[in-house]
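I've put the structures underneath this note.
Next, two complexes with chain A in common: one pairs it with chain B, the other with chain C.
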Partner chain A sequence: MTAFLFILFAGMAIGCAVAMVVQRNPLYSAIALIGVFLALACLYVMLAAPFIAAVQVIVYAGAIMVLVVFVIMLLNVEAEERQPLRLRALIPIAVTLAAIFFAETAFIIYFVQASPVSLRNVSDVGLTSSIGGGLFTTYLLPFEITSILLLMAIVGAMTLARTGGLLSPRAAVVPGDQVFSREMLNRRNVADLTPVITHSTDEAKELLGVRDEGEAE
Partner chain B sequence: MVPQLSWYLALSAVLFTIGVVGVMIKRNVIAMFMCIELMLNSVNLTFIAFSSYFRDVSGQLFVFIVMTVAAAEAAVGLGIIIAIFRNRESLDVDDASTLKL
Partner chain C sequence: MDDLKQVGFISLGILVAFFVVMTMVAYTVLAERRVLGFIQGRLGPNRVGPGGFLQPLADLIKFIFKEDIVPDKSTRFVYFLAPILATVCALMTIVVYPFGPAVKIPFVTEPVQLVVARFDVGLLYVLGVTSVGVYGIALAGWSSNNKYSLMGGLRSSAQMISYELALGLSLIGVILQSGTLDLYSIVEQQAGHLGITGWNVFWAQPLGFLIYLTAAIAETNRVPFDLPEAETELVAGFHTEYSAMKFALFFLAEYVNMFTVSMLATTLFLGGWSGPFVHQVPWLGIFYFFGKVVLFLFFYIWLRGTLPRFRFDQLMSFGWKFLVPLAIINIVFTATLQWSGALDYVGQYLKTATGWLG
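Entry: the complex of A and B
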């Protein structure tokens, strides 16, 4: 029974992966990749890792792929055009190598004797409590580093998404003490970096020459 | 017949190879990125298969970390892709093969 389920989910994963690579429209590739993630989540459940299966669906299929689909739609990516097939001499070499690869895979499947541990005894390795226990005791350092990594990713993504430089003409100046280098105020000055301190938004606006959209020129 | 560990490893190898082929074939930057995600997932499957067959939770913890790293990488990578698109108006990798704008 489990062998049938494995073949079902493995076939779905391989089928969707091949579909993702073959498709020329990146949106169809994204949908095929979601299919791969769902098939892998089912395989994780078969491997008695329910927490990771749920995290896979939530994080990969639910967050990362949604982000990818957003970007595809935002940038209005079009399908690739059919390329003429070049380097035709490489095709028999590729077929030979693929055949060798599948022969190796079959060898691994049928002849390598792993340690005879079967999954008939349900283990509690994959339960949320076991993962939580490990995450907060032995593996606390990677956990904390991961949180810093996420912070770096947020800052990096926001920096990359910024449009324009420091003095966008519609800049909204934050009230409070503003410190500018004089160079910023008058670009004809050559490298004068004396700071100019302003104490209110209006003063800063006047010095920078920033006009609100509603004001007349 | 119970699925053996080797079956899962073979499946992971096949998925990884498909991902590598995709990265080499694709000309669209976003499609290449998705093939990289496929490679990451195949390695996740290897980790969880070993964790399950040797009753060690470390494999699943590492998969947890890998998923977090993949999410962070997706955010920053797509930000880079958007920035490239803003400057070049094209998502073709062949156009971006030199560092010249």
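Entry: the complex of A and C
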């Protein structure tokens, strides 16, 4: 029974992974990747780690991949065209790397099987309470460092995504109807010079991201 | 042999749960149409069978025999996959809800807990399966190759991942207090006096309950948060190009989702199957459980008959700027209470104050 389920889910994971690489349509690749995550979650359940499985589904399949699919849908990415390989020189390197990878896997499997089996009491490993206890006592520091890292990533992403960073904060905004070039508002849109008309100072300030200086807010 | 017996037992449980839920969902649709009719001062469907009782069956037959139209430029595989995904994900969660306490069943020696699959992370399982359900709608919108569908799909995925956050955060308060993710234990902890005083909604998590209720309506794409299928702007949103049985599957998924969020609300906040005299007569638990679920469903229908639709930017700012901070406040508040032991004190007080009841 266990062996049957393992072969089923492992086969699904490998099949989906291969499909993800082979597919030319990015959305199909994304769907195949979701399949990989779901199959891995099933494998985690079989390894008596239901919490990891649930988190895998919630975080990867349910959140990150939704964003990926969202972006693919928004940009309406077309299917990639099959182009002649430009980096032909990399093929032997890829083959070598694959050979090293398989050798490594064989090495690990061999030594795991050769080493004496030492089964500790593992009945509570993988339970939610034991994972939570571990995270907030023994591994508190790495846990906190990870959270700070993620926070930095969020702040960095927001800084990169902000528009209107070109103008100096002292730039004055004239009241009345105003015309700005799009280039002024978004520095990544260099080619687009169609003007943007704003009808009030507040609107212009908002577009430009200008703050009042010297005035009490 | 033991393995096989267990598999058979669980399969039987799944079948029973499936038929119970499907029947109730079918009649929820009928109830919705009748109640909406009542709210809007008309009759609603009342011709098929006594009082419209056979209407769901007639609808089903109609759906099956309608012509199935597939748009020419659609992405075939995804177009077929989407409704299946939506329905399967909606139905998968029903196995973890405890319908009732342990009861005696003929031919089985030990009392059987009325839950198909009881495991350590039941609550996380529900959240995980629900979050995968987003793909059904998003992919349906994309694969139809129709701008209205695409807009509907985009809106729904943005809305569902935004409100999932508020929904998940509102549940953390309950988890903090019960100290477990197992739904059966959470229900057991809410027994209280007469099976009523211990409900989380009263003095433990009233704020969490309100946040959950609001976020759950948005998660199921119901009025007033039904932007993904706003007919005034998007024809029919993500299912514009779907017809016949595929449309029926989306319809089904929406109502099953309504049903499952109601079951989750009942389980976490309204004490699940607990109620007066459940200890003496365990079978009563089933009636209490479904009674509470029906209350929620009625609330949903009532809302649909009453409230207008949000605007999309209002929806987003309400979710991110109001519900999520409120949920975080709720968590901090609950954690502080839990840490200071104030809740235990209140519990003790309630126990003495209501001692004469039990």
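Here, the second predicted complex is superposed on the first by the 127 of 217 C-alpha atoms of A that agree within 3 Å, B and C clash if a C-alpha of one lies under 4 Å from a C-alpha of the other, contacts with A are read in each partner's own complex, and residues count from 1 in each chain.
The rule we apply is simple: a contact is a pair of C-beta atoms (placed from the backbone, for glycine too) under 8 Å apart; a residue touches a chain by one contact, two chains touch by 3 or more.
Everything numeric here is computed off the predicted structure, so don't read it as measured data.
A.B. asks: After the match on chain A, would you call chain B and chain C a fit or a clash?
C.D. replies: fit
A.B. asks: After lining up the shared chain so the two structures overlap, which partner does A:Ala54 touch, if you call chain B first and chain C second: first, second, both or neither?
C.D. replies: In the superposition, A:Ala54 touches chain C alone.
A.B. asks: Comparing chain C with chain B, which touches more residues belonging to chain A?
C.D. replies: Touching more residues of chain A than the other partner does is B.
A.B. asks: Which partner does A:Ile34 reach: the first (chain B), the second (chain C), both, or neither?
C.D. replies: A:Ile34 contacts chain C only, not chain B.
A.B. asks: Once the structures are superposed on A, label A:Ala63 by its partner contacts, choosing first (chain B), second (chain C), both or neither.
C.D. replies: Once the two structures are laid over each other on A, A:Ala63 reaches both partners.
A.B. asks: Is A:Leu74 contacted by the first partner chain B, the second partner chain C, both or neither?
C.D. replies: Both chain B and chain C are touched by A:Leu74.
A.B. asks: Which of the two partners, first being chain B and second being chain C, lies in contact with A:Thr96: first, second, both, or neither?
C.D. replies: Neither partner.
A.B. asks: Once you lay one complex on the other using chain A, what is the shortest C-alpha distance from chain B to chain C, in Å?
C.D. replies: 14
A.B. asks: Shared contact residues on chain A, chain B side and chain C side combined as an intersection?
C.D. replies: Touching chain B in the first complex and chain C in the second, residues 51, 55, 63, 67, 74 of chain A appear in both lists.
A.B. asks: Write out the stretch or stretches of chain A touching chain C in their complex.
C.D. replies: Contact set of chain A toward chain C: 1, 27-28, 31, 34, 38, 41, 50-51, 53-55, 57-58, 61-63, 66-67, 69-70, 73-74, 127-129.
A.B. asks: Under the touch definition given earlier, write down the residues of chain C that touch chain A in their complex.
C.D. replies: It is residues 3, 75, 77-78, 81, 119-121, 124-125, 127-132, 134-135, 138-139, 141-142, 150, 153-154, 157-158, 160-161, 164, 179-181 of chain C that touch chain A.
A.B. asks: Sort out for me which residues of chain A touch chain B in the complex.
C.D. replies: Chain A reaches chain B through residues 2-3, 6, 10, 13-14, 17-18, 20-21, 26, 29-30, 33, 36-37, 40, 43-44, 46-49, 51-52, 55-56, 59-60, 63-64, 67-68, 71-72, 74-75, 77, 80, 83, 101, 105-106, 108-109, 112, 114-115, 117-120, 123, 125-126, 130-131, 133-135, 139, 142-143, 146, 149-150, 152-154, 156-157, 160-161.
A.B. asks: Can you list the residues on chain B that touch chain A in the complex?
C.D. replies: Per the stated touch rule, the residues are 1-11, 13-15, 17-19, 21-22, 25-28, 30-31, 33-35, 37-38, 41, 44-45, 48-49, 51-58, 60-61, 63-65, 67-76, 78-83, 85, 91.
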